[in-house]
Structures are given as structure tokens and as C-alpha cells.
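Note that the chains are named A, B, C and D in the order they appear, and that numbering of residues resets to 1 at the start of each chain.
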Amino acid sequence: MKRSDLQAMARRELERQQAVRCRLLCCASTPCLSSGAATVQQALEQAVTDNKLDAEVAVVSTGCMGPCSRGPMVTVQVAGQEDIYYENVTPESAQRIVVEHVMANQPVAEKIMPSDLPFFAKQHKIVLANSGLIDPERLEDYVARDGYSALAHALREMTPEEVCAEISKSGLRGRGGAGYPTGLKWDLVRKAPGEKKYVIANGDEGDPGAYMDRTLMESDPHRLLEGMAIAGYAVGADQGFLYVRGEYPIAAKRLEKAIRTAERRGLLGSRVLESSFSFRIDIRIGAGAFVCGEETALMASIMGRRGQPTPRPPYPAQSGLWECPTLINNVETFGNIVPIIAHGADWFASVGTAKSKGSKIFALAGKVDTTGLIEVPMGITLREVIYDIGGGVGEGHTFKAAQTGGPSGGCIPAEHLDTPMDYESLRALGAIMGSGGLIVMDNASCMPDVAKFFMEFCTDESCGKCVPCRVGTVQMHRILERITNGSATAADLQILEELCTMVQETSLCGLGQSAPNPVLSTLRFYREEYEAHIQRRECPAGVCKMTEAPTLALMEALPRRIRELGTIPMSLA
Amino acid sequence: MVESRTRSAASPDLPHPSGDPRFALIDRTLKRFRFQQDALIEVLHTAQEAFGFLEEDLLIYVARQLKLPLSWVYGVATFYHFFSLQPQGEHNCIVCMGTACYVKRAAEIVAALQTAYGIEAGQTTPDGMLSITAARCLGSCGLAPVLIVDGQVLARETPETAIAAVQLAIEASAAAGNGRSSQLDDSYDEEGDL
Amino acid sequence: MAVITMTINDELVSGVEGQSLLTLIREQGIELPTLCHLEGLEARGGCRLCLVEVQSTHRLLPACTTTAQEGMAIQTHSERLVRYRRMILELLFAERNHVCAVCVMNGRCELQDEAAKIGMDHVRYDYLVPELPLDASHDKFIIDHNRCILCTRCVSVCDSVEGAHTWDVMGRGVNSRVITDLNQPWGVSRSCTSCGKCVQVCPTGALANKGSTVAEMVKRHDFLQWILDGREKKQWVMQNGGSEGRR
Amino acid sequence: MTTLATKKTARKAEKAEAAVGKIRLATAWLGGCSGCHMSFLDLDEKLIDLAETVELVYSPIADVKEFPHNVDVTLVEGAVANVDHLELAEKIRQRSKLVVSFGDCAVTGNVTSLRNKFPVEDLLTRVYHEGPGAVPRGGETDKIVPALIPRVLPLHQVIEVDAFIPGCPPDPERIWAAVSALLAGEPVVLTEKMRMFG
């Protein structure tokens, strides 16, 4: 396939789409499928056939539209009219949509989700621009929206050096959490000596409460492949790996199909777009280990080994997969490449803040009215995200904290709701941008309990290679358990804080280094809650049961002689 | 000399001596990856899909085919949560313990299921009827708290609805005339708390 | 080999390019504890005892896996580093069931030694008291998981020096354990050559000769250098180019 | 934890008169084998020097029933294994200026803590019903044996401890180095060899 073939394909597809009067887009992402999107789509198709509309109405399964808690979502596109979103669609209402809206032009009012809601208005879709609008399983749909033309442009008009420079100029930073400048990383790999180089897309999205990468992989797989291919060209790699979290079977299936289609059409594989550049992409399925989100552990896993990290330096850019220079970026980072090459670095850099450019996808969840997947410009305030986009915490509830970055992140309290969401501001608060999980908590959440939840997660996910993370997290978890069951003493709090700093500074990889963050950030903003647990054996949120007590406080109540009735509390253990 | 030649020729191509056709699935993956040792995790994925869990015999087969040490294969198989070295229950109930679900009290659902069926999360009932798993995050945070019973996603659950859903799944297979499960129903009746 | 200069604890020192920081530091006569690293085995960076402060980065780096570079400025015994080392030792003592008084290695144990050296005279954390087995199925050796600190020297020596790869690690996190073959009793392992290298490199009493009792076990590491030197000088390669060893 | 200012009684003055200038030393025996005390007795001729400077106010080798007030230094052998130990440990802390964990059992739990893997009930059954020899049947309470706590604890996890003398047992040189420092009012600094567990 050449560039001209690509343009021809786009033309044909557009003609095909314009041939129908109306398109019914039905979200086929995991959350909507979980709420019954498949039967909704069947009902739509059935209604279309029953009413003999096959020639003029197309039912298309698409990727994510955003408001996941309102799924299944259906969009009705009629030429010359504004798109209309339907929420909580059932097979019955699907039938009505066809009969009333499509046939009689009478939209089904009670199921409409108004498109002028701040939920939509405040978003800025760069990475998810196609999501919810195209059929992720059809290459033509992607090509019709200028798919693969950025790759064609890069291959024809740009040198690898220029591609790296363009990415650098855009100010794009890694979306996996740490925010390392992407262009700089690409350039390091490009300059690294070595015949063989690799590109890896990290889709091992392990933070509980985050599903941005899954959505992108499920909703617009070709954009990711194209981004990876551009990266391959820029750094001089001919092989890419897409590491997909094991829990994402739909994403893996769609990506697999996309790779096969792209290879067949000469958009991947040998001699991409009839150039001298060859690029293969293979999928590797994760097997359930959070630590594999760490780049060196992920590479161990791709090589079929235990997912244990290795000390850096050497960095993957110098010595990665099979000791070759390796570029490893998050899936969402790769999602930004196509628009940057297509529209230029300046266009991209015009969105966002001085140091954090572009947009960020967040998975908004927890105690907010509308939960779901949102893409917002960097620098938007937390308040706008929660109250405008999310619709607030609901009548009778009080906002208490927003948790970002999952087990590596922190909690942001109400007094910092006006913080702009960018790398530096979040870090200054002891939270991190993270991969984009954003969980809202109200007064029903107890902060030491939340810290304990994350610490238990880290204990479970620690690979066991280095001592501070392997044992330190267990000891921190024990202390948090004592705090939340009423048997902690003031000394415990001191030991906990010491351990936090030590584990942070001495652990081998990011998992251990960031494991104390949830504790440190809750101690910083909600210290009085910890103190209430310890000094008064009270849980202000009413979550912790406080069934135990410190050893000596119980002396009077203890059974004295062996086999006397009464129980000695386990806190003595 | 002759003997060694036949032996070496035999290993990759001939079907597994047990004649179990499921080994053919593993062989297909092995071939796809040209017996490269790096493919271990992919091969284990296939093996688990085909057999449901990774029994010892299977691990030995994979180790031999990839020419990897046994301890290496065992080390990898036990590192990743996806791989199970124990058979799973006939029914399974996965409770999401992601942050959004936790904030919406998923821990109470796990506790209720554990009490109701007398097993911890990650275990299978002694009769092999039910496995309860606490999952990391199912990524359906908008539907929190989420439960998956035998592959079916259930949204916005409570401890009571969760137990009801699991019970329904177990009873459905009992009604389908499974001898083992009807026995189980009796024992539940005796306990009287279900 | 290019010579490099750098400072260690504010003293100017010179070393050879490509050398690990650990080697260079020890060459200066500075004692730096290591429990996972052993000269002759691949550096791993797991125990975190040899962490040092490097001026150019805010991160602490393990001396064993870090290459010495021109112009580096290193601190090896700052107050913070010593405090962290002590805490790491406390964590190790609390992790499994270390009872020095009844251990075969009492008096010669590297863990016990390091604790004494650094002045770790009590453990402030909960003893985790895990339930762990002792495997005495092998004819000559025993493994007592209660005393294992997961340094994985046994795994490394068995793989890279003996070439048997009988040992590996199963599970993850605090539930990790060293295993032989498919987590089978050591005695039935068909890959084990009973060479005993794993026993000799084990820093604690986890691996020991069968029959040795309290404080009786003596271990020697010098065989390792001997084998590796021989390999490097190709002492076992015969004139005609064929090798005489195993295989 | 508890300050020494508490419970100063008139009796104190009376006692002080009896042993003017002498340091009030106590040694206590919790869950341990008494080996540390044996090693203490192995101070041999140094015991004579010691007797000139200290008054031994409480010890398993002295016949005192109640732990006295106003003790200057208490050496505690053994881990905390039962409720009597808990009670005594608390009393020791309240009534002593300096508390020293004396030997590995007090410092780490050591051999005493080997039982921590077993639930207390299983332990009792195993030792008293399944163990060798004739045993009283029935499990009725005998009102003598103190209730065991679920897990044996090192002393510092129950009360605040001022100094640690590891060793199983600590040899006399170690003990002397520590005790002479304590008696001279100096901090206990043991050499590397003297700090070794086991």
C-alpha cells in the first residue's frame, strides 16, 4: 500500500458512510458491555432489519464515549444534525430509538444525555478524538479519519531526527506517571549505539481504578499502532511489543486483529507503506503482576521471566530488551504521537500549561455523580473535574478527598480543590499525576483505612527482590492495621513515618519507592484522623471497628490464670 | 547413536504421549514462538486456558519443550497471579477490590461471601463447587461495586445481592441435574444460614 | 584500561573504568556490608545494604550494580545510610524465624555479623513468625527456610557456576521462597548434582550440611574465585580445543 | 513511659539510710532458662566488687517477693510470655530508673518465642496432653499457671527499655562491660563482638 492507496481507501469509506442517512453508534467498551451493550446492539440491529432500514441506517459498534456509569451508551448521528447521546439504553429503548427517533425524527427524550452538559463541554479530546466515533475493528473507519497519514508523512517528509525534535518541541511528557519528557527519551534511544532496537508500549495498567489505556486500546487500536510505528521509525527500531494487561481480553483481541489487518495492508511489517522502513508489532499478554508496570520488570516479563525489576542504570534506552536499546512508553503517550505529527508540535503545545502540555485522560470514579472516562486539558482544576464534569459528590454528601495515582499516589483534600492538574502541582501536594486514576471520596471514607487498603495492595504486589519493599511494606501494613483496629500506640506512628521515608529512599524500583505515598499524603492532610484512632480509639468516619486495644491498657481485663474464661486479644501478638 | 537421533526428533513434533488432544494447543503456541524460551509466559497462558490450571505434568512438559529448568518454570508460574496451580471451583465469584469498589464498601461483600461459604478469598470450597477471588481492579469503576459470577458482570452489588447471585448460580447447575451439587444443597439446608 | 578519579567520603581516589563502585570502595579498605552480593556472582542490588549517596543524583544507588565513573562523589557512611542499613537488618530479622542461639551458623553467620557490626542490638518491628518448612530430604544437605533471607546466592551459583539451575524462587513478595525443581523435596531433585556450592555461598544457616548442629557449620567461598579464575584463563581447555569438563 | 517521680514513699528514705550511696540493683526472670543469671554469677570475683557498690534489692537469687520501689537499674532476663510477665514488666518499668534487656530472650524473644508458631490452645494440648509422661486429664483450671499470651514478645515491645545486652547467654565480660557502665552512670557501649546475638 502506498500513500495514494491510503487516500483512496479513505475516500471510499467516507462515501460508504455518507451513503447512509443515519448511523447508530453503540459503545462496545468493557464497562458498557458489562451493563448489557451487546444486547442493546442486537436490539438496534433487529429493529433496523424489522423496519427494513438496512440500506439507510448503519449500526456501528464503537469505542468508549465517556460516561461509563450511564452505559450502555448509544449515539445517533443523522447527517446535517447534531449528534444525540442516549444513556442507560435497554433493548426496549433501543427499539424506540429506531422507531421514534430514526423513523419519526422524535428523539426519545427521557433517555437523552444532553450534549451541552459540562461533562462533554469541559473535555478536550486529543487522544480520544476517535473514541466512540469509529468502529475499532475496521481499519477503513480509522483511515477515513486520516489514519496512518501521520506515519506516511513522517516516513516521506521527515528524518528520524526531525521526528524526535518535533516530539520534543511539543512538550509531550510520559503519561505513565513520572512525566519524563518523551522527545528526550526518543532521542536517547535514537542515539544509543546498537544494530537492534525495540519499542515497547506499556499497556499493563495496574492501578486499581484506572482504565485509560484499556479504553484507548479497545476504542482506537490503530492509533496506538501508528504511534508505535512512528516511534520505531524515529529511534531506528524494527520490532515493537505491545504489553497488554492480562485482564484486558477485549483489548488484546482488537489489537491482534488490528495488527493483522495493518500488516496485510502493508501499514506494518516489512517495507511499511512501500518505504525502506520495516516494523513488526507483537502482543505480549501480562499475567497479573502490578510490578510489571515498572519498565525493567515489564521487560523481564516480555522475555518470559519473573517480573522482577533490575537496578537502573543501565536505563532501557541504553540496555533494555535482550540488552538492546529499548524505547518504552505508556500506551496513552503513544496515543498522542499521531496528533502531534499530524497537526504539529505548536498546535499540541497550545493546550495545557507551561510545563505540562496537551491533555490527560482520567478515569473518574468513586463518589461523584457521573463517573467515567474523561480527557481534559492539563491545568484544569480538580474542582472543575469533580464538580463540573463529574457533577459533584451528590446531595447530602461532603467531598473529602480525591485520590490520584493509585497505590503510588496520594489524597488531595478539599482546601486544594483549586489546584491545577499538572505534573508539578500534583507532586507538590504529595500526590502524582499517575496513569490517571481519579477516585473521589466523601466523608464516609476513613483515611487511615484508605492508606491501609493501598498498603495491602503493595504488600501483595511487591515482587520480593529488595528487602525494604518486601518486608517494609508488610511492617507498614501491620502498623496501619493496628491503627485501624485500635491497638496502636504513639510509638507506632513514629515507626511508621520512619519506615515510610526509608522504604521510599531505599527500594529498588518505583513500586517500593512510591508505596509509602498514600500513607505520607494522608498523614500530611488528615493527621488528626490518625491521632483520633490512636489517642481516643475512635474512627471519625465510622469505618474502623476498633475491636482491639494496646497491650497494657487491657491488663485489668485479662484472664489471669491458664484456661480461665476470657480471651486475650490478638493485639498482644 | 540411532536411539539418540530418534529421541531428539521426537520431542517437538510428536503429540504428547498421554494422547490428550489439549496438548496440541500448547504445541501450536510452542511452534508459533519457534520454541523460544522467551515465550514461556505465552505458553503457560495457552496451557492454563486448555487445562484450567497448571498441573505438575503440564509444567514438566512446558519445561522440556522450551528446554528450561523446572525451577525456572515453577518460579514464573507462581510469580504471576493469573496462573493457578490448583483446580478452580465449578463456579467462580470474583469480587472487584479496586479503589472505587473499595470506597463503595466491596470489602463487606468479600467478608459476607467468606462467612457464607466458609472459605477465604483465593480459595475453593472443599467440594470444588465455588471459588471466591478478590480481584485487583476490573476497570468497571462506574458500576462499583462490581462482581463477576461465572463470567457475568453484576453492578452495584451489596453483600445480600452478592450472596443471592452466587446461590442462584450454584442452584442453577443443581437444577440441571448435577449430582454433586444437589448433595451440596442438602448440606447448605442443614446449615440453615443460606 | 583507563584510570578514573573520584572522591569517596571526601578522599580523592583512583580506580579503573568499568569497575563497580563496590569493588572500588572496598579497595580503599572501607567496609561496606552486602548480603546478596558475593564476589564472583552476578550483582543483584537486592539487599540494599550497599546503597551509597552519589552527589549527582538524589537517589541512593547500590554500589554493587553501579559502575564507577570519572568525577563521582560518593558518601558511604552518612548518618542516613547507617540508619537505613540498621533498619534493613531489623526488617530481615523480623521477616523470618532467626534464632541465632540455636542456629548451625551461630558465630559465623553474615546476617548476625552485620547486625553486630552496625550495632543493631534489637528489632523494633513485629516479628512476622511465618510458618516455614525445613527440608532434610537431601542426603548431604538441609534447607531451613526459617533462616533464609532470599539473597538468592544459591540460585545464582547453581545457575552460573554449576550450570544445573536446580534452585529458583517461587511466589512473590514476602511469600517468596527458594525452591528446588518444581518445589519438590530437594532429595528427589533430578537436576541437583549435590555439588554443595549453594551451601557454601549461603550467608546464613538456611543451607547447611546435614548433621551439623548449633554453631558447627563452617562455610568457604574461596572455591568460587578458584573456579572463575580457571574459567577465565581457560585452564580446563585441552590442547586440541575440546573441553574436558562436564557435557 | 512512667516517670520515676511516682510513688515515692517514706520508706524510701528509711532504705536509703540503710544503704547509703549504694546503687539499688534488681534482676528479674521472665520467660527464659535462667542461663543469663547463671552467666551473671560467673562474674565470679567481680561479684565481690559489685557487692561493695550495689544493693541487690530484687532477684531470683535473693528472697524478695515483691518488686521494690526506687530501683536504679533492673536487668531483665527472658521474654514476655504470660500475664504475670506482663504485670511484672509494667511494675519494673514504673519502679526502675533504668531497665535493661538482659540476654537474647529479653532482646529478641529467642528460644522462648519458638512457640509463637502455634496457637496457645494447641500448644497446651501438645505439651500437657500429648507430650510424654502422665498428665492430669480434663483441662480444668489449676489456678496456678498464669495465662499465656498469644505470642511471646521481646521486652521492648511491652515496655520501654533503656539498654540491650544481647547474647545467649551474654558472657560475663559482656555483662561486666554493661553493668560497670550502668553503675558508673555512663551509656552502655558494647564492642562489636559483645553485641553479637546468640
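Structural remarks
The rule we apply is simple: a contact is a pair of C-beta atoms (placed from the backbone, for glycine too) under 8 Å apart; a residue touches a chain by one contact, two chains touch by 3 or more.
Note that the structure is a prediction, hence the values are computed from the model and not measured.
Between chain C and chain D, the least number of touching-chain steps is 1. The interface with the greater count of contacting C-beta pairs, when B-C is set against A-D, is A-D. Put simply, the C-alpha centre of chain B and that of chain C have 36 angstrom between them.
Centre-to-centre spacing of chain A and chain D amounts to 57 Å, using the average Cα coordinate of each chain. Averaging C-alpha coordinates per chain places the centre of chain A 26 Å away from that of chain B. Between chain B and chain D the centroid-to-centroid distance comes to 53 Å (mean Cα coordinates, whole Å). Looking at chain D, residues 116, 151 sit in touch with two or more other chains. Within chain A, residues 289, 306, 463 each touch two or more of the remaining chains. With touch defined as above, residues shared between interfaces to two or more other chains in chain B number as follows: 75, 79. Per the contact rule defined earlier, chains pair up in contact as A-B, A-C, A-D, B-C, C-D.
Listing the residues of chain C that touch chain D in their complex gives 93, 97, 99-103, 106-107, 112-113, 115-117, 119, 121-124, 126-127, 129, 131, 215. Within the complex, the chain C residues that touch chain B are 159, 164-172, 179-183, 191.
Residue ranges of chain B in contact with chain A, taken from their complex: 37-42, 44-45, 75-76, 79-83, 97-100, 102-104, 135-144, 146, 153, 155. Taken together, the chain A residues at the contact with chain B in this complex read 30-31, 33-35, 67-71, 205-211, 214, 246-248, 284-290, 301-307, 363, 365-367, 371-372, 403, 406, 437, 439, 441, 445, 450, 453-454, 457, 463.
If you check the complex, the residues on chain A that touch chain C are 289, 291, 306, 310-311, 313, 459-468, 470-475, 478, 495, 498-499, 502, 505-508.
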